[in-house]
Amino acid sequence: MAVTTLVTDDLADGKVAEVFADIRETRGSDFINNFWRALAVDADLLERTWLEIKTVMTGPGELDPLTRELIYIAVSTANGCSYCIHSHTAAARAKGMTDAMHAELLSVIGLAGKTNHLAESLQVEVDKAFIA
Amino acid sequence: MAVTTLVTDDLADGKVAEVFADIRETRGSDFINNFWRALAVDADLLERTWLEIKTVMTGPGELDPLTRELIYIAVSTANGCSYCIHSHTAAARAKGMTDAMHAELLSVIGLAGKTNHLAESLQVEVDKAFIA
Amino acid sequence: MAVTTLVTDDLADGKVAEVFADIRETRGSDFINNFWRALAVDADLLERTWLEIKTVMTGPGELDPLTRELIYIAVSTANGCSYCIHSHTAAARAKGMTDAMHAELLSVIGLAGKTNHLAESLQVEVDKAFIA
Amino acid sequence: MAVTTLVTDDLADGKVAEVFADIRETRGSDFINNFWRALAVDADLLERTWLEIKTVMTGPGELDPLTRELIYIAVSTANGCSYCIHSHTAAARAKGMTDAMHAELLSVIGLAGKTNHLAESLQVEVDKAFIA
Amino acid sequence: MAVTTLVTDDLADGKVAEVFADIRETRGSDFINNFWRALAVDADLLERTWLEIKTVMTGPGELDPLTRELIYIAVSTANGCSYCIHSHTAAARAKGMTDAMHAELLSVIGLAGKTNHLAESLQVEVDKAFIA
Amino acid sequence: MAVTTLVTDDLADGKVAEVFADIRETRGSDFINNFWRALAVDADLLERTWLEIKTVMTGPGELDPLTRELIYIAVSTANGCSYCIHSHTAAARAKGMTDAMHAELLSVIGLAGKTNHLAESLQVEVDKAFIA
C-alpha cells in the first residue's frame, strides 16, 4: 500500500489536473496509473517527472520506443522495483514486445546479473583496452 | 586488483586452453580480457559462463546484438559493476553504438533510476490493469 | 509472510520479554511491531539490534530524531526494503514530518537515484578536489 | 576512467557553455567537476540534470540544504556510487557538516543497512498499523 | 503476480516436459514451484537455468549442499529477491538448517549489510595487505 | 580514498586505543586494517561495530567461522562493496578457504545473481508451499 494518499480525479486541480490531462492526451487513454496519483501529492515533482518521462521515453531519438522500454525494464529488475517491472512490461507489450523478445530480454538480464556478481566477487580489474 | 590469479596463456591448458581458443575464434581477435583470465581459476565455471555469453549475446534471436548490449549495460549500471560497464560499453561501441545512442541510453537509465526510487519510496501498489 | 514464527507476548520470556518491555517503555506504547516479533527467534540478535536502534535513532546527538528518520528512509528506499520504508515513514510522520517535507525527501531521493545511475553508467572519475 | 570524453571549457559551446556558466554563477566558483563534463556529451541531458539539481538541492523548501545533502549521501551509499559519495560528502562539509554530524550520519546509514537486510531476510510482513 | 503465464503440466510438452520430469526425479517430489513454471515460457532458458542449478547446488564439491543454500540466501537477501528468499529458506530447512543456524545466518547477513554500508560511506581504501 | 582521516596509532587514545588493542589481541596480529582506522573518527561507532564483528564472526555457534566468512563475502558481493570483498576473501583464505572452495562460492554467488534477476523480472509469486 502506498505510504501517501492517491490523488483521485475529483481531488486533482491546478497543475495536477493539467498534468493528468496531458498524460491522458499523450497516451490517448483515460487511464491514470497509481504512480502518477501517488506522485501528485507534490504538483511540482509530478510535473517534473512526467515531463522527463514524456521526453525521454517517447520523444524523437535513435533508439526506438520499444528498445527504451526494454532498457527501462532491465534497470528496474536490477533495482528490484516491482511496480516498475509490472508497468513497463505492460508498456513494452503495448509497444510490440513479443513473447520471444521477452524471453531474450530475460536471458540477457539473467546473464548480466550473473556476470555482474562474478566480476564483483573476483574484483576483476578493468583492462587497459577498455579504457584507451 | 582481482582477488585471484589471472590465468595467462602459458598457464592455460586443457579445458581452459580450449575455451580461450574458442573466445579468440568467436571474436576474431587474439585479445582475452581479464574477466576470462580470472574465471579460469575454475575451468568448469569458465566454460559454463562463456557458453552462456556466446549463446545469449551473439546467438540468433529477435533482439539485435547491439540492443542486447544496451540491456546488459543497463543491468550492470544498476548493479554498479564497474568492470562490466567498461567492457560492455566498449562492446556496444564495437557493435555500432553512436554517441547519440549512448546519450539516449544514459537518459533512459537515469530516468529509470529516478522513478524506481520514487515508486519504491512511495510504495505504489501495482494497478490491476498491469496484472489482468 | 515472514519465514519465521512471530513471537507473541505469551511466548516471550527471559531476555525477549525484557526487550519487549523496554521497547514498550521507550516508546510509551503497547504496540510491538512485527520486526521485533520476528527477530525474537534469537534473543541475542533481538537485544543487540534493539539497543543499537535505541542508541542511534533516539540517543543524544547533533542530528535531530526526524532528520535521522529521513536518512533511514533514504537508505531503505535505495535498498528496496518495503517493510522498512513503511515503518520509518510512519515513524517520521510521528516525529513531525509534514507532507511538504515528505515531498522534498522524495525529490532528493529520486534525484540521487538518477544521478547515481548516471555517474555509474559514465564511470566518472572522482575529482582531485573532492579527495584533497 | 569515464567511458566518455570529458568536455573541457574550450570544447564547450552553445547550451553546454550556458549550463557551465550557470553552474559557475550558482556556486560562486570557477570549478566544474567531472560529472558535468561527462554529462556534457549530451547538451539536453546536461541541462535537464543541472536544472533538477539546482531546484531540488538549493531551491526554497522546508528541509535545509545540509539535510538534503545528508539524504543524498544516504542514497548514494546504499547504491554504492563512489563518485556521488565523494562529491556530496564534500558538499555536505561545505554546507556545515561537522565531524560529529558525519559520525551520526554514518551510524544511521550503517544501522539502516543492517536492519534492511534483517527485515528482507526475515520477509517481515508490514504491520497493519503502518498502513491504516 | 508473475508478468507471464505459468506453464501448467497440461501445457508442458517437448523440452519443457523433459525438464519438468528431471526436476521431479532429481528432487524426488511431484511439486514444481512457480519459478520453473514461469521460466518455461522459454524452453531453452528453462533448460539452461535448471541444469546450472542442478550442477551448482547439488553436484559434488567441497561445500556441502546446506552451506550452498546459506550462501544463496545471503545473495538473495542483499538483492532483495523475496521469491528467492522464501524458496531457498525452505530449501535450507529441508537440508537441515536449524533455528539456531538460521539465527546465526541472519546475524552475519545483518552485520555484513551494516559494514558494507559503513565501508562504502567512508570509501575506505583497500589495504595493501589484502592485495599482495 | 577514504572521505575521513585514518586514525593512526599515535592519534589513537582513550576508547579508540582500547579497541585497537583488543583487535590486536583478538587477532594475534599487530595489523589494524583501514576500515577500523576510518571508523575510529567516532569512538562509539568503532567500539559498537568491533564488538558486533567479534561476537558474530568469531563467537561460539553452529556455523563454523569459515562458513560465516563465505556468507559475508556473498552479501558483500551482491552489495558491490569492493573493500569488504577484498578484506573478507583474505579472511576466508586465512581460515582455510581453498581455491576449490572459492570456485564453488563463486558458482553459487553467480547463479544466485542470475536467478534473483530472473525471479524479479518475472515477478514470480511465492508458492504457498514455501509459506505454509
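Every chain is named by a letter (A, B, C, D, E and F) in the order it is written, and numbering of its residues begins at 1.
Heads up, the rule we're going with is that a residue touches a chain if its C-beta (ideal position, glycine included) is under 8 Å from a C-beta of that chain, and two chains touch if they have at least 3 such contacts.
Just so it is clear, the model here is predicted, and its values are computed rather than measured.
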* Please give the intersection of the contact partners of subunit A with those of subunit E. => B, C, D, F
* Between the pairs A-D and A-F, the one where more C-beta pairs touch -> A-F
* Which of these pairs, A-B, B-C or A-E, matches A-C in more than half of the residue pairs in contact? -> A-E
* **Interface residue overlap between copies subunit C and subunit E, same or different (over half shared)** => different
* Please compute the C-alpha centroid of subunit B, do the same for subunit F, then give the distance between them in whole Å. => 27
* Asked: Where the CA atoms of subunit C average out and where those of subunit F average out, how many Å apart are those spots?
  -> 21
* Multi-chain contacts in subunit B: which residues touch at least two other chains? -> 1, 3-4, 45, 49, 52, 75, 77-82, 85-86, 89-90, 105-107, 109-118, 120-123, 126, 131
* To do: Quick one: which bits of subunit C touch subunit A in the complex? Just the residue numbers, please.
  => 80, 85-86, 89-90, 99, 102-103, 106-107, 110, 117
* subunit B contact footprint on subunit D (complex, rising order) -> 3-4, 41-42, 45, 49, 75, 79-81
* Asked: For subunit D, which residues are in contact with subunit C within the complex?
  -> 1-4, 31, 33-35, 38-39, 45, 49, 52-53, 56-57, 61-63, 67-68, 70-72, 74-79, 81-84, 86-87, 89-90, 98, 100-101, 104-105, 107-109, 111-127, 129-131
* Asked: What residues on subunit A touch subunit D, complex-wise?
  -> 1, 48, 52, 55, 126, 131
* Could you pull out which subunit D residues touch subunit E in their complex? => 73, 77-78, 80, 82, 85-86, 105-106, 109-118, 120-123
